[in-house]
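In what follows, structures are represented as structure tokens.
In what comes next, subunit A is part of two complexes: it sits with subunit B in the first one and with subunit C in the second one.
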Partner chain A sequence: MPGARKRALGTPALGSGLALGYLSIIVLVPLAAVAAKAADGGWHHFWQVAWNPESRAALELTFELAGGVVAINAVTGTALAWTLVRDEFPGKRFVNTLIDLPFALPTIVAGLTLLALYGPTGGIGVDVAYTRWGVLMALLFVTLPFVVRTVQPVLIELDRDMEEAAASLGAGRFTVFRRIVFPHLLPALLSGVTLAFARAIGEFGAVILIAGNLPFKTEVASLYVFEHINSDDPTGASALAMLMLVISFGLLLAVGALRRWATRHDR
Partner chain B sequence: MTARRGIRAFSLGYLAIILVAPVGLIFWRAFEHGIHPFWAAISNANAVHALKLTLEITAIVVPLNTAFGILCALAIVRHRIPGMGFVNALVDLPLALSPVVVGLALYLLYGRDGWFGHWLLGHGVQVLFALPSMVLATTFVSLPFVVREVVPVLREIGIQQEEAAATLGASAFTTFRRITLPAIRWAVSYGVVLTTARSVGEFGAVSIVSGGIAGRTQTLTQYVQASYENFDQTGAYAASVLLAMLAITTLLLMTVVKRGDRSS
Partner chain C sequence: MAIEARNVTKRFGDFLALDDVSISVESGSLTGLLGPSGSGKSTLLRVIAGLETPDTGEVFISGKEATAVAPQKRGVGFVFQHYAPFTHMTVWDNIAFGLSIRRRPKEEIHARVTELLELVQLNGLGKRYPSQLSGGQRQRMALARALAAEPELLLLDEPFGALDARVRKELREWLLRLHDEMHVTTIFVTHDQEEALEVADNVVVMNAGRVEQVAPPRELYDHPANPFVMSFVGPVNRLGEAWVRPHDIEITHEPNGVAQEAQVERIVRLGFEVRVDLVRDDGERLHVQLTRNEAEVLELAPSDIVYVRTRVERTFSENGEPTRPAPSSVS
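Let's turn to the complex of A and B:
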């Protein structure tokens, strides 16, 4: 009944038009302004501005740290998800709620809490302030939920019959994990680490207090952009911001593709 | 099962080192000399102004993004307008994009030489270093949450009930109010909680566009940074604890909404 359908849905033009207009003003036009600023002097000029020793050092550090975040989260996130699904211990529901805390906690507070304990006044004999280790810790704090929250639902749905069958045929616990569990978790794990990677590339609030302002040492890409805005170099800031924008968009498309791949049998 | 114990010790140990111990410590630091220093630190004029400003921005942003979120989710699921893949990616972008890029974008657009800033300043409207730019920045970063929660629910409920209501003569608005809205109310609530948390906690984008003038354009998260950098650790810890308490309230609300969703 096409007439009823149309009436039930309202006039598509009005609602969708409003939504698209809002999206344009809030998101699209501002980003276009960054692109325009970055492209101001042409392609050659863009690379000259985007690719100087300081920005290169910032990008290299950013990717190194994001790589570390991916590797560590893949292991700890899977272990946490496994503990929350397959293990029983007192306080499990509390721990499960706690996992989301980094999503809810303001990032500047995350950085400050890490400095309080692992900084110069922490009193436990370590000081990660103004070091790359400190920046890595801050990134691990804010990315903690991603892998847990993507892997956990898959682990809950996973049929245990297969694991029992494999075990009864003589497979060891590690073999069962490697051959049965891991392949099922892989798409979710990849989505989780990609999201964590994207977050690590762009994180700012959690790292600013810990990193200080040390070009070539702890200056990640977001800090580079921030410092170059402050020192009245919007062109330099825009060039790196444009690279970050392209990377973020690419990673989002990758997550979307992974999701479609993971659900390819359901459709 | 020693393997199970080992994995449990490993994962809970990691959680303790990265999350529980640091967050626990700032609560201890804020209250180690009793409630009075904490109270004194958060009741000074600048801290109170910062809290008010944060709540004011949140009160503007959350209704805007909720209304937009529902409209946008309807547009994505129900009306297959061309270019939907691009719209979808655009909606998700604030989740993956660095807040400094957002701040820079608004800085360029509404600055003296910006596309909009030039005209607006000419007409006496100050956007940058004032409330409007802080609202725009916060709106950008908290935009996806309601959309992302509502889209899957709309997909799942289908359109049969809406069609039935329309066949029986209900107007589009009545159909939305009586059929669609009750079905998505938990998803909307969950999205609202997430939007609120993100708005209260916003730091990066706002700190670029606001100027961060104490007592004027400084939000609570910026107050934390400014206090810490001015060696006022008590002030920084106290404001952080206040924000952490808001975050914990958010977590509790999320649990309540999830439970409500399951029981309905």
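Let's turn to the complex of A and C:
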């Protein structure tokens, strides 16, 4: 009985009051402050500072890169999780630990490392510094663990009997993956790419060194905000922040709906 | 579809699951693989389905060598012990799976699934998900799914193991009827001797990775090949060198020369069957089965002194071969 359990832990009103209070202090009030800042000069002014050619370029680049990060991570993250769960190879434990490294490393160090190897002085003939490819690599580096770590446990728990049953019914390996395995991974995969997406649109530390911050070329939203704060334009910074907030929230809602659809059989 | 396994051996690490096993199954028959857990019966079934590859030995399907053929190319319906439902698909889609991946026309799939839902008595439940079914319904769905693509061989791994006794009995009878109607070659695994004797027309008894005996149920019960089979296919009393079934012991109130004295310890009445536990004066315990009528005539009560005599007892030589059974007194 869910009702009984709720009562045992205190009244529902107390619990939701605490949750909402905490959420307000940590998230809602600061966001409201940003919104207030952005709206300083009224709606018309907000729109003017938020939607200019430079901010638009930054927003477009940010979401393009985040989209690329999602697409690449969905494939490589699933493949990595698959290898770690289903295959046996020497050094598997080491690789498994390696996956978490981007989480453990300060992101500025990640940027530094990438610049050292793939920068002008890298010495391997690849120079992606101050290019969009460099930014993409930095983002892929910091978002690597998300899909792997959300898909891996689901793959471990997945009932192998189901795959054998499908095989005995005539399904080849690809059909088994497409019809049986993938639908079970989808909810976790959606969580993973959502986290990766959120990280990619907000990433600052790993990007700042390798991007070189060239407006219209490598300036992503976070760098735009940073630059405008630096050049004493907090309203412009807040306005773009507000815009990103609205777009991201909309995307999160859409992913939530997709997840509910993907887990419809569990209810 | 006739099946033959020749000299099949399979190891899992240090564990020898199948030790040089050879069996042959006639087309259209209903065969039970019977044995305790770890005897290799499920592994043998999985080897036949192609879900395991034997270390050595061969599998022949309809006379053709098929040891290395992938499971999806064997034309086999496999029902898993825990049914392995596709939890993300409706009952309908589960059953249709084998047909839809073969890209059969929509109308054909619709007709076949409707027919199968009828056959397994799940009409009207096609839109449900497996998590919304009872154990018995899930089992029937798994059967329908395995039957959908009209396999020539149906393999069932402990098909009724996880169900309660009443549902189990119903499904057993249902499987028998189904087999009579469809004549698909069927092999099922069970650890329940009663299930094997009731359902199968031929039983393969397995123990520790080896085949102990292959025989029809009645012969298995009446002429067990060795002490293992004797004790596995039914309850037994061990009396020195001899093995006696509980219903082959006769109880009387009068000693008549060849009978021996014993004391009634416990009486259990199970409807038609009455079980009597006796202790002989040498301390040996005997389990006896009587019919209700026999028990009523005897009017037994705990701590009564009675006389016992065996009707049939069996002895086996040292290498496990049966020696001639003969009626005699309890030695």
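To be clear about the criterion, the second predicted complex is superposed on the first by the 212 of 267 C-alpha atoms of A that agree within 3 Å, B and C clash if a C-alpha of one lies under 4 Å from a C-alpha of the other, contacts with A are read in each partner's own complex, and residues count from 1 in each chain.
What we mean here is this: contacts are C-beta pairs under 8 Å (C-beta built on N, C-alpha and C of every residue); 3 or more make two chains touch, one makes a residue touch a chain.
In this text the structure is predicted, and so the values were computed from the model without any measurement.
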Which of subunit B and subunit C A:G170 touches, first, second, both or neither: second
Contacts of A:R179 with subunit B and subunit C, given as first, second, both or neither: second
First (subunit B), second (subunit C), both or neither touched by A:L214: neither
First (subunit B), second (subunit C), both or neither touched by A:V246: neither
Partner chain in contact with A:A71 - subunit B first, subunit C second, else both or neither: neither
Contact breadth on subunit A, by residue count: subunit C or subunit B: B
Partner chain(s) touched by A:V34 [first = subunit B, second = subunit C, both, neither]: first
Which superposed partner A:D161 touches (first subunit B, second subunit C, both, neither): second
Touch list for subunit B against partner subunit A, complex: 3-4, 7-8, 10-12, 14-15, 18-23, 25-26, 29, 68, 71-72, 74-75, 78-79, 81, 87-109, 111, 114-115, 136, 139-140, 143, 159, 162-163, 165-167, 170-173, 175-176, 194, 197, 200-204, 208, 221-222, 224-225, 228-229, 233, 236-237, 240, 243-244, 247-248, 250-251, 254-255
Subunit C-touching residues of subunit A, taken from the complex the two chains share: 159, 161-162, 164-172, 175, 179-180, 183-184, 265-266
Touching residues on subunit C, where the partner in the complex is subunit A: 49-51, 70-74, 76-78, 80, 82, 84-90, 97-98, 101-102, 129, 131, 142, 145-146, 148-149
List of subunit A residues in touch with subunit B within their complex: 1, 4-5, 7-12, 15-16, 18-20, 22-23, 26-31, 33-34, 37, 76, 79-80, 82-83, 86-87, 89, 95, 97-109, 112-118, 121-122, 137, 140-141, 144, 173, 195, 198-199, 201-205, 208-209, 221-222, 225-226, 229, 234, 237-238, 241, 244-245, 248-249, 251-253, 256
